[in-house]
Amino acid sequence: MSTTLQTPELVERPNYLNEDYGWKSWLFTTDHKRIAILYLISISVFFLIGGIFAGLMRTELLTPAGDLFNSDTYNKLFTMHGVVMIFFFLIPSIPATLGNFLVPMMIGAKDLAFPRINLLSWYIYIIGGLFALSAAAMGGVDTGWTFYTPLSSTYSNTFVLTAATGVFISGFSSILTGLNFIVTIHKMRAPGMTWGRLPLFIWAHYATSLIQLLGTPVVAITIALLCLERVFHVGIFDPSVGGDPILFQHLFWFYSHPAVYIMILPGMGVISELVTCFSRKSIFGYEFIAASSIGIAVIGFLVWGHHMFVTGQSMYASMVFSFLSFLVAVPSAIKVFNWTATMYKGSVTFETPMLYAFGFIGLFTIGGLTGLFLSTMAVDVHVTDTYFVVAHFHYVMVGGMVMAYMGGLHFWWPKMFGRMYPEGWARFSALVVFLGFNLTFFPQFILGYLGMPRRYHAYAPEFQIFNVMSTAGATILGVGYTIPLIYFIWSLKYGKVAGNNPWNATGLEWTTTSPPPKFNFDKTPIVTEDAYNYSHRGEVEVG
Amino acid sequence: MFLSLDIPLWPEAASTNAAEVDLLYIFLIVVSVIMTAVIFLGVFIFAMKFRKKDPKYVPPHIHGSNLLEIGWSVAPFLVMLVMFVWGTKLYFDEYTIPATNDAIDVYVVGKQWMWKVQYPEGQREINELHVPVGRKVRLTMASEDVIHSFFIPAFRMKRDVVPGHYNTTWFEATKPGRYHLFCAEYCGTEHSGMIGWVTVMEPAAYENWLSGGGAEGSMASQGEKMFQQLGCSTCHLLDEQGRCPILRGVYGSRVLLEGGKTVIADESYIRESILTPNAKIVAGFKADVMPTFQGQVSEETVLQLIAYIKSLAPKTTNLITGAAASVPGMTTIPGRPGANSQNVRRDTTKTDGKQ
Amino acid sequence: MAETHSTLVEHSPDLQHHFDDMGQQFDAATLGMWAFLLTEIMFFGGMFGAYTVYRGMYPEAFASTSKLLNTWLGAVNTAVLICSSLTMAMAVRAAQMGQKKLLIWMLVFTMIFGAAFLGVKAYEYHDKWVEHLIPGLGFEYKDTQYFHQAQILFLLYFAMTGFHALHMVIGFGILSTLLVMAIRNRFSPEWYTPVEISGLYWHFVDIVWIFLFPLLYLIGLHQH
């Protein structure tokens, strides 16, 4: 299937990578593709840092006693792990890398609507990241990534302000990216690219951008109020001076719950692209998947109270949140069923991106189902704040999102760099990741129901066996992520040269060269067919 | 083989609630296993059956099926409704504090990083809770500093302990034994050290333990001592009107406030009156007369004072338990101590005011 | 290099290369500004939310604080901002019509009104400083029974009006840039986008104040 042409001249054709050299051409670029690469490098660095924190935590947790680090250090490790992974890896990941690269190309545009704001987004992200890293370097934060008051506003002696400022700043990066995508998708579609013909990757990013736009400012102001309280010791959230610590939780989760949909929706968009290409078939239920993305975005704003069932909030409020949390599961389920149905009567192949797609479907299903456990109030009372929750969100985020990210990275790597990755090693790594992941996180469901609380530095001895399993899995998972790091970098110079469309996929991005030219298309494309038009094209090679 | 390796797979169930939650949990597991199997098998079978065999095969264009979409949306949603109703019902039961006279009250104060437990009879424990089997136990909980969470896995019970107001919960233990007690809301350095044990005893053994008594006397008598020590008695005469409202019989009664609103004098109201006296002024009295004791009394002392004030009941005790019954879960409106005392569910507004 | 930079079709020098035509560029810019203003609503909304919660909890305390805010100054500021929105709207119209002189004058007037607003605000803040009403910096409150609640209210007062004032300052900076550009003849009926979207921004900042004024200054007024 791959149209690999061996001639090096093709790689040397003018494209966005070689059209200009020098650090200035990168750091002052306004080309969405180059900005995507800048993000790719940055978030990989943060993923590595967050991963190291996780590795240290899991090493400590091999034994019940807290013997590797002291309590304060451990508390800082899990806090920084959360802050880095959530705000500096998961939230930007797919939108800032694959989204930035592909959104204009998929709709036939030359760039995003606001290229300079796009670059600004990256700089804001880097500055926010530097604040967060300096908090870590200066001694760390130990409030948990959730910054609950009054612990964070009054009691913690760590660098809360610095870390919170980092998160505050990076929020604007998220807002601007979302804004850019929304305007681009509304105003810059190529002729013939109607809303009904948009790839589902675009729909997913549109929904994501809505959440980024509407949700992030609320966490910004929450963090600002927290910082004011910490500096001026006035009680907005401090009960001893008339404030309400639960108000903080409401404001915080009002953003942070939709935030998890910011993280997962782009991944779902990727899966739609992968499943169709590697089944050679149009997506089953296009309108339903598109609508479900918007549905998740909207309903996702209404469920935040399910993080607060045991805080003492009104039973009736809890009931409403529980009901809506069940409701938001329905659109996700719809997607899973539609992806599966897409393979029916297809022509399925098992290249690496498809393997990651399978992994996503399976693991996201488990993660999503365990979310139902948490929506069930009486069960949540028992398992909230335990490892059950930790397992749940790692299943959807790592088993789901990160797998989608890896699948997408493999799929579009030849387009972005004109080189193929080594398929054998890639499939092997996918398998290692899948096995390592399950060994790491499945035991944590058991630990949670047994009653092991989260954020525990030392734990009761009977929990050890599952913790050992989990750490073993984490080691394997680490290996599974390191191998692609190596071969991706290797492939930049030594990978097989890829043609315009090695996967024979539909989608406008595949009609142009790999790597694409600076302005994406030689001529503005005119769209005449629906997305995923595999059946009507037959086996005729496209592009 | 697993048993001989002593791998725990399921926590002990030692309360009436635990068995019910376990049943619901198993239902959820069954549903999840079925759904997971459906998806895994679906993907696997389709991938195998429809793997690429003939390079010339062009898959048909199947746009979708509205019927299927509705079907696989509605069916799971109906199953979810079962989960929702079942879970809500159990949650309501768990959070509605029983009103029986037979229930035992225990008072818990969480502070970094220990649990302080007080019994009305006077026993005090740290990181330990002793309860009898087969009786309802009501926990009234306060925090001295940050948010903690009182978690007993064997009872499937957890409730946040939030500074600024009381949270109440209850359980009924069913099996004697010793069970873990954990703090489940991250609270700083020694969060994972804020753990202890719940000992469930046979009724006789419990009575025996209880009669050991606290060295300092019952909570109410300790409260009385503090009442004198802090100077409350100079204003709050017990049986006649002084400069301040009479306290005998106030607990559980309806109090008329300045401005016309009325409030039920429950634990939260009394706590608020001690710590932020200007928040609610009794009708006929002035603001700025009673000093605040914020920062001068610990949450434990406040609970003792409340126990003392509760003991000042007139002989007709129905008011007290009656009042407690109609405050399900004592779930408070965020932040304001005693805010739920403004019990908007009440429809009778007697204006008897102070006693 | 295969670019879509067409040498065959005449286009305005202000057309950015990734857009097909000026209309698309203008549409994108305005939609972008509207989307940004939506985020600002959510941003201020968080503070309005906190304010609403606390006002619901402490109605008398909040009412007592409004005595200490100078309602007349607040009203003057409201009038000033409304006038500035008028002049801003006229500036946008002038740009649309290519009336350079009118544009410059309207921008200047808007800036004068904006500066007046900030001046009054500075005076008010100074007053609060003198009266020890800045939370965390020696806060005192005569009605001691409301001390804590008043402190919360004043924190919210400073946070809300402070962020609003910050937006005004940024707006002032934007207006100065527009003024320089207008003087240098950058705007024409074919391209006046920055004026248009700055107008949107300015009107929004005005509307936020329209909400702030009654909520902060006018509550409890009828009780006195």
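Should a chain be cited, it is by its letter among A, B and C, assigned in written order, with residues numbered from 1 in that chain.
The criterion applied here is as follows: contacts are C-beta pairs under 8 Å (C-beta built on N, C-alpha and C of every residue); 3 or more make two chains touch, one makes a residue touch a chain.
It should be emphasised that the depicted structure is a prediction, and the values quoted were computed from it without experimental measurement.
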{"item": "Pair with more cross-chain C-beta pairs in contact, given B-C and A-C", "value": "A-C"}
{"item": "Chain centroid nearest the full-protein CA centroid", "value": "A"}
{"item": "Between chain C and chain A, distance of the C-alpha-averaged centres to the nearest whole Å", "value": "34"}
{"item": "Separation of mean Cα positions, chain C and chain B [Å, integer]", "value": "46"}
{"item": "Contacts with two or more other chains, residues of chain A listed in rising order", "value": "242-244, 247"}
{"item": "Shared interface positions of chain C, touching two or more other chains", "value": "53, 57, 148"}
{"item": "Multi-chain contact sites of chain B, meaning residues that touch two or more partners", "value": "276, 333-336"}
{"item": "Touch list for chain C against partner chain B, complex", "value": "53, 57, 60, 144-146, 148"}
{"item": "Interface residues, chain C side, partner chain A - complex", "value": "1-5, 16-20, 24, 27-28, 31-32, 35-36, 38-40, 42-47, 49-50, 53-54, 57-58, 135-137, 139, 148-149, 151-152, 155-156, 159, 163"}
{"item": "Footprint of chain C on chain A - complex, ascending", "value": "14, 19, 104, 109-115, 117, 175, 179-180, 182-184, 186-188, 213-218, 220-222, 224-225, 228-229, 231-236, 241-244, 247, 251, 517-519, 521-524"}
{"item": "Sites on chain A touched by chain B in the complex", "value": "66, 71-72, 75, 142-144, 148, 150-151, 154-156, 239-240, 242-247, 250, 279-282, 284-288, 309-315, 318-319, 322-323, 326-327, 329-330, 333-334, 336-338, 340-341, 343-350, 358, 361-362, 365-366, 369-370, 372-373, 375-382, 384-386, 446, 449-451, 453-460, 462-463, 465, 534-536, 538-539"}
{"item": "Contacting residues of chain B [partner chain C, same complex]", "value": "259, 276, 278-279, 281, 287-288, 333-336, 339"}
